[in-house]
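Per-chain numbering from 1; labels A, B, C and D assigned in written order.
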Amino acid sequence: MIDKIRDLDRRRAGALHSVGDRWRALPKWQRGLTFVAFVAFIYYLPLLGIPGLTWLRTDSISGGSNWAGVLFTCAVYVLVAIGLNVVIGLAGLLDLGYIGFFAIGAYAVALFGSVNSPVVKWFQAEFDLPPTWAVTWAICAFIALVMALISGVILGWPTLRLRGDYLAIVTLGFGEIIRIVARNMEGVTRGPQGISAIPGPEGPPSPDNQIFGLIDIKPWYWLAITVVLLMVFAVRRLENSRVGRSWLAIREDEDAAAVMGVYPFKFKLWAFAIGAALGGFAGFLFASRYAFIDPTQFNVNLSILFVAMVVVGGSGNMVGVSVGAVLLAYLPERFREIADYRWLAFGLAMVLVMILRPQGLIPSKRRARELKDRAAEAEEAPAHV
Amino acid sequence: MSDETNNPVAPKIPTQPVPAKNLLEIDDVTLRFGGVVALNGISFEIKEGEILGLIGPNGAGKTTCFNVMTGVYKPTSGAVRFRGERVTGRKPHQISRLGISRTFQNIRLFPEMSALENVMVGTDSRHKTSVPGALFRLYRVRPKEEELPQVTASGGIVRTWQQVRRGFAKTFGLSRHILEERAAEDKAMELLRFVGIADRANDEARNLPYGYQRRLEIARALGTEPKLLCLDEPAAGFNPAEKEELLGLIRRIRDKGVTVLLIEHDMRLVMGVTDRIVVLEFGSKIADGRPEEVSRDPRVIAAYLGEPADAA
Amino acid sequence: MRRSYSRALGTAALAAVLVAAAGCQDAGGSGDNTASGDCGGKIAIFGAFTGDNAGLVLPSLNGAKLAIKQHNDANADCQIEMVEFDTQGDPAQATPVANQVAGDTSFLGVIGGHFSGESDATMPVYEAAGLVMVAPSATRTDLTAKGNKSFFRVVGNDGTQAGAVATYLKSQNAQRVFLIDDASAYGAGITAELTKNLGATVAASDKIQERQSQFEATISKIKAANADFVFYGGYTREAAPLVRQMRGAGVTAKFIGPDGLYDPAFPAGASGGAEGSIITCPCLPADKAGGTFTADYQAAYGQAPGSYGAEGFDAAQIFVDAFKDGKKTRAEILEYVKNYDKQGVSKYIKFAENGDVDPSRVVIWSYEIKGTAFEPLQELKLS
Amino acid sequence: MIPRPLSMQGDLVNFADLFGHIGQHTVDGLSKGAIYALIALGYTLVYGVLRLINFAHSEVFMVGTFAVLGLWTAFGVQNNPPIGQAIIFLVLGLIVAAIASGGTALAIERIAYRPLRRKNAPPLIFLITAIGLSLVLVEIFGLVLPKLLGEAVPSIFGRARIILGMPTIIEQKTLFTVLNTSITNIQLIVFVSAVVMMAMLDWFINRTRYGRGVRAVAQNPETAALMGVNQERVIMLIFVLGGIMAGAAALLWSMRFGFTQSSIGFVLGLKAFTAAVLGGIGNLRGALLGGLFLGIVEVYGATIFASNWEDVIAFVVLVIVLMFRPTGILGESLGRARA
C-alpha cells in the first residue's frame, strides 16, 4: 500500500519537476509576462468572481468568514513562512519559537501605537503630551522590525553555538517566555486584558477611516500582499548571493562549510535575525489589522503550525512554503465544519509528509545559474585531464 | 586576480634539494580523546611548493592530523604554525582564510547545491559582501572598462537602454555585490574547467558521478585560493586510468604554485607524485624522507606488511 | 521554434483570460436576501463552539438555539434564522467573522461574544456597521467603559460578581482570604475586582499559569498565610488539581470560585477534593428560573443548562421579541435593544446607558459542591 | 487617570518565605523533580543511542496516565480504599501503565522512526515527525476517542479535551516533621520509587548483557554491528525501556495528583526534556540530577516571585546552564565516554 503511494508520489513528483523544467526553459519575456499575470491575479483575488471558482471563497458557505479577511491571514502567514524558511529552509536551524518574534512585532505596534497601552500613557504623562498622542503607524513599523531583529540577535547570540536539537528546545522555550512575559507584565502590556485600538496606516481604528476601515478588509489584504512581494524580492536577493550560498552550505554540512571559509556563527546569526525581522513584521501587520491583541493569540501551537507550513510546503523553496502557508491557513477556514480537527490534520500531514516525502509538497530546487554561453563554451573546450 | 596564479612559485624539478621555506610546521602535536592517544608528539614540516605524502595504515592518525591542521580538533599539546603564524586555537574559517584548504576522505560536498555553487562557496571566502551589501547594493565600486555593461544592439530602444545602463554604471559605479558575484562565478567556472568537470556545472552535486564529486571537492578547495591544499585520499575508489588523470591534476595544481599535502593509501600513486613522504603508525611518526628512502625503510615495510603496495 | 511560439501564445492567452475574468463578476456569498415576509430575519451567533473552552460556551449556544426554535415552531409566518460562527474564542478568528457579518446586510443582530477578548476585538467592527451585539458571557468590566454604542450584555460584569463574593465572605466573617488567579483575562479580572472589594482581609495572593499541574509553591504560601478562605479566579483545568492538592496537603480553608468553575467537570476532575467548595454564579437555580426554561432545555439536550445557558436563551429572546415587534433594520433593532425592559429567564433585563444589564437586577447565587452536584445555597446580595 | 508605573506590578520579590521554609521548599522541589526525572529518562535513553529528540515521548506519558485511569475506572476504585486493595491497584496500575506506555513508544518507533532511519533522514526530519506524532496522539485522546467512545465510557472520554479526575488511592499524610519541614507519605513514595526505578535502569544498562549492547550502540553503532549487536533490537529495547519509565511516572503522577487530560504531556514533557538537557542529555544519572535540580529551581523561583513566572525561570536557568556547560551539568554520555 505504502509502496503504491510512494510510486504514485514519485510519478507526480516527476510531472511537477517537468513543469518546473519547462517553466525554466521558457524565454525570459514569457516568464516575465506570466509572472505579471500571476501578480495581477493575486491582487484580484479578494474580488474573485470567476464563475466556477467562487466556491473557493470562504464566505460562499453558511457560517463562513470574510473572504478578504481570510486572504489577509493567508498573506500574513505567507510572510511568516518566508521568514521562517530563511531560518529552517536555508540555514537549516530548527526554530520552534517563531511565534515569539511574531508576538514581539505585534506588541511593538500595540505598545507604541495604541493610546490604550501603558507605554504610551507613560510617555504622555512624562512629556506632557495630549491624551490622543501615540507613535505613528509608519514609525511603529520600523520599531517592530528593529525590535524583532534585535530580539533575534539577543536570542541567537548565546544559543546558536548550541547543537541543532538543543536550539530547537531553547527556541521553543523562548516562544513561551515571550507569551508568559506579555501576560504577566500587566504594568507594561496590560497583561491578559490585551491592548485595543492598535493603529493602522490611517491611525487608530475608526468608522471614519476611508481606506483601511473596519469592515472592508480588501485594502489590508493588498497592503499585506505588497509587503509579501517586497519581502520575496528581498529574500530572493539574499538567496542568490554569497549569503544564500553560505546558508545552504551551513545547512548541508556545517563543518565542511567552515573549512571552506564560511563563518557559520555569523551567517546563522544573520539568518536568525532576518527570520526574526520578517516574523516581527508579520506580527506587526497582524496586530494593526486586528487592532486588538492579547497574549492568548501567541500560543505555542502557532509556532508548530508555522513549522508545519514550512516543512509541508517544501522547506527551502519560497514557492513551496508559500503554498504550505496558504493551504494551512485557508483549508480550516474553507471547511469550517471540520475545523475542530485541524490540529489532528496538521499533525498527520507533518508525519505523512516527513515519511513519504521529506522534501515537502513542492521541493526546493536551486535555480540553475544563467550561464549565458558559458555552458556551450565549456563543451567546446576539450576536457583535458 | 589572485596572487598565486600570477606568481609562478618555484615548481622546479623536485629532485634538486632546493632550500625552500617551511610553509607549515607541525610541532610536537599530541591529541588525546579520553584515554586514547590519537596523535603522539608528531612533528614534521611542509615546504613551499612541494607535494608531501602522508601515509600509514588504517587508524594511524592521518585524517586526525588533517583535522588538527584545519582547526576541526584542538590539539592537547603542541602547535601548528602556518607561515610562522600559530594556527592552533583558530577557528576553521580563519584557518581557511590564512590559506589552508582541504578535501574530505568521505566526500563532503553540499549535495543540494550545484557543482558551480559548491565551488562558489569556496571562492566566496575571499569576498566581503554580506547581508546589507547583497540586500541594498549601496556599496559601489568603480568598474573597469571590461566590466561595464556592453552596448551590443545596433539601434532602437534596446540600444538606448544599454547606453543608459552603461552611462549609469560609469557615473555611479557598480555594486560590489554584482562584481564579486561575477568574479566568483568566473573563477568557479575556471576551476571547474581546470579539474575537467565544467560540462556539468549546473548539476546538483549529489547527482554527479563519483569521480566528478572527487574532483569537485578539489575544485571547491582550490576556490578558497589556498597556499596549502590537503587532499584526503583523493583516489579512493578510482580505477587506474582515473588515478592517472588524478596524478596529472595534482601536478598541475602544484604547478600553479599550490603546495599539496596528500594522504593516500595507494603506494604507487604516492610514490609517483610526491616529493617527500611522512609515515604515521599508531599516532606516531615512523619515517620522513624521499619516496625511495621511505620505501626501503624496514619499519615502513613492517607497518605495511601484508598490504600489497598497489592495494586500492 | 514553433513550440516556443505556441507557448508564447499560451502565455499571452492566459494573461488575457485572467484580465477578462476580472470583468465578469459572479459575486459569491454575501447575497442580500432580505427577510421574507413582514416578520423575521437573520442573526449571527459567534463564540468558542469548538476548542479547549467550548464546554463553557456550548450551553449558551444551545440556550440561544432553544429560544429560536421555540419561536420558529410557534410562529410559522415569522421565521428567524440564526447562523453559527465558530471562533474558538480567538480574537484573530472572531474578527474575520465580524467583517463577514458586518458586511452582509442580511444580518440584523449578533449574539456574542462569549469571551471578553473576542468581544473587545470585534466591538468596533460591529459598531461601525450599526449591528447590535448582545453578549451572553463576556464579563470583563472595561468592555462597557469604552463608549461603544452597540454593545450590550445580559450578564453581570466581573465587578458585580466580585462584589457578591465579597458580600458572601463578609457574611461568613472571613478574616484571612488568600487570592489566586490564573493570569487569564477572566480570572485576573475578577480577582482584581475582588481585591479592591475585600481590602484588608486579603492575607496574601499568588498567580498561577495556565496548564499548571503542580502547586507546591502556591500551597506552601497558603499555609504560610494561615488563610481561612481561598478564592480562585479561573477555570476548571487548573482549579481541580489545585483544590485537590490543597486538600491533600492538609489545607482546610474554604475554597471559593466564580462561575468559571460552575462546570460539572470541576467536581469530577477533583475527585472529591472539591467537596464543600462554594461556587458563585450569576445563574438561577433550576427551580427559580423563569418559566419552563430548565425543563425545556433538559428535554432538548438531555442535560441541565450549565453555565450561561439561560443567558444565551435571554440574548436570543431579545432578538425574537424585536422581530416579533416588526423591527426590520439594524438601526431599529439597536434602538429596540437599548430600550428593552422585560423579565428574562436568567434575570430581569433592562440595559443601563453603557450597555451593562441593570446591576440591581443581576442575581448571583452561591452553590455548594456536594458529590458532583451543585447545590444552591442562597442568593447573594450585592454590596 | 494617572498611568501605572512601568513595572512588574504585583510581583513582589519574596525571599523571606524562601529562607523561612527552605527545607520545606527543597522537599517539595525534590518530589516535584522526581517525576520530571522519570520522564527525562525516556528522552535521555533515546537521545543517547539515536541522537534524536523523541518529542512524542510526552505523549507516551499521557497514554500511561490514561491507562491507569482506565484501569481504576474499570475496577470502580473509590477514594481511599483499604491498604491491601490500594497496593493491588498500584501494582496493577504500574503494569498496565508500563504496557501502555512501552507499547506506545514502540509503536512510535515502528511507525515513524524506523522508515526514516532506513532512509537515513537528517535529525530535523525526525524531530518534525515527532512533533507531528505528538499532535496526532494528543488529538486522538482529546478529540477522536471522545467522539467515538464518549457514549460508551463517559468517565474517560466524556467530553473533548476535558480534565479527568482519578480516585485517591493513598491519602496524603504527614509522616514526620524535622526542622520545620514536614514530609508526607506520598512525597516519600514518589521520591523513593523514582530513585529506585532509576537505579534499576542504571543497573540494567551498566551491568547486564542487554545493557552492554545498548552502550555499545550508543558509543559506536558501526563497531557494535561488527561485534554482532543487533542494532534494531537495541533501538526497540531503549524505546520500550523509556516507555516503561514513562509508565512508572504516569502511575506516580496518578497517585500523587490524581488527574489527567489529553494535553497534559506537553508542558510536562518540555520540563522533563529541559531536565534531561540540564543534567546532560544521554546521561542517565544526569537525568535524575537535572530533574531534581529543575524541581527545586521551580519551587524556589515560584516562591521568590509568583507561580506564574515558573516556566520563565525554568527556561532562563536552562539557557544559562547551556551557555556555561553546553553539554549539561554531568555531560553527555550513555555509560561511558563517547570519543
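Descriptive notes on the structure:
Note that in this section a residue touches a chain if its C-beta (ideal position, glycine included) is under 8 Å from a C-beta of that chain, and two chains touch if they have at least 3 such contacts.
Every value quoted in this text rests on a predicted model; they were computed, and no experiment measured them.
When each chain is reduced to the average of its Cα atoms, B sits farthest from chain A.
For chain pairs C-D and A-B, the one joined by more C-beta pairs in contact is A-B.
Averaging Cα coordinates per chain and for the whole protein, the chain whose average falls nearest the overall one is A. If you average the CA atoms of chain C and of chain D, the two centres end up 36 Å from each other. Per-chain CA centroids place chain B at a distance of 49 Å from chain D.
Look at where the CA atoms of chain A average out and do the same for chain B: the two points lie 39 Å apart.
Chain centres here are Cα means. That of chain B falls 70 Å from that of chain C. Shared interface positions of chain D, defined as residues touching 2 or more other chains, are 10, 160, 266, 306, 308, 311.
Among all residues of chain A, those that touch two or more other chains are 180, 183-184, 186, 340.
Among the residues of chain B, none is in touch with two or more other chains. Remark: chain D residues 10, 17, 20-21, 24-25, 28-29, 31-32, 79, 155, 159-168, 171-172, 174, 184, 186, 257-259, 261, 263-264, 266-268, 298-299, 302-303, 306-308, 310-311 touch chain C in the complex. Within the complex, the chain A residues that touch chain B are 234, 237-238, 241-246, 248-249, 252-253, 255-264, 266, 270, 274, 316, 364, 366, 368-369, 371, 374-375, 378-379, 381, 383-385.
Against chain D, in their complex, chain A makes its touches with residues 88, 92, 94, 96, 118-119, 121-122, 124-125, 158-159, 161-166, 168-170, 172-174, 176-177, 180-181, 183-188, 300, 304, 307-308, 311, 340-341, 343-344, 346-351, 354-355, 358.
Of all residues in chain A, those touching chain C in their complex are 26-27, 30, 33-34, 36-37, 40-41, 44, 47-51, 54-55, 57, 59-70, 72-73, 180, 183-184, 186, 191-194, 196, 205-207, 213-217, 286, 289-294, 296-297, 333, 336, 339-340. Contact residues on chain B toward chain A in their complex (touch as defined above): 70-72, 91-93, 95-97, 101-102, 104, 108-114, 116-117, 120-122, 124-127, 129-131, 134-135, 177, 180-181, 184-185, 189, 192-193, 195-199, 201-202, 204, 220-221, 223-224, 245, 248-249.
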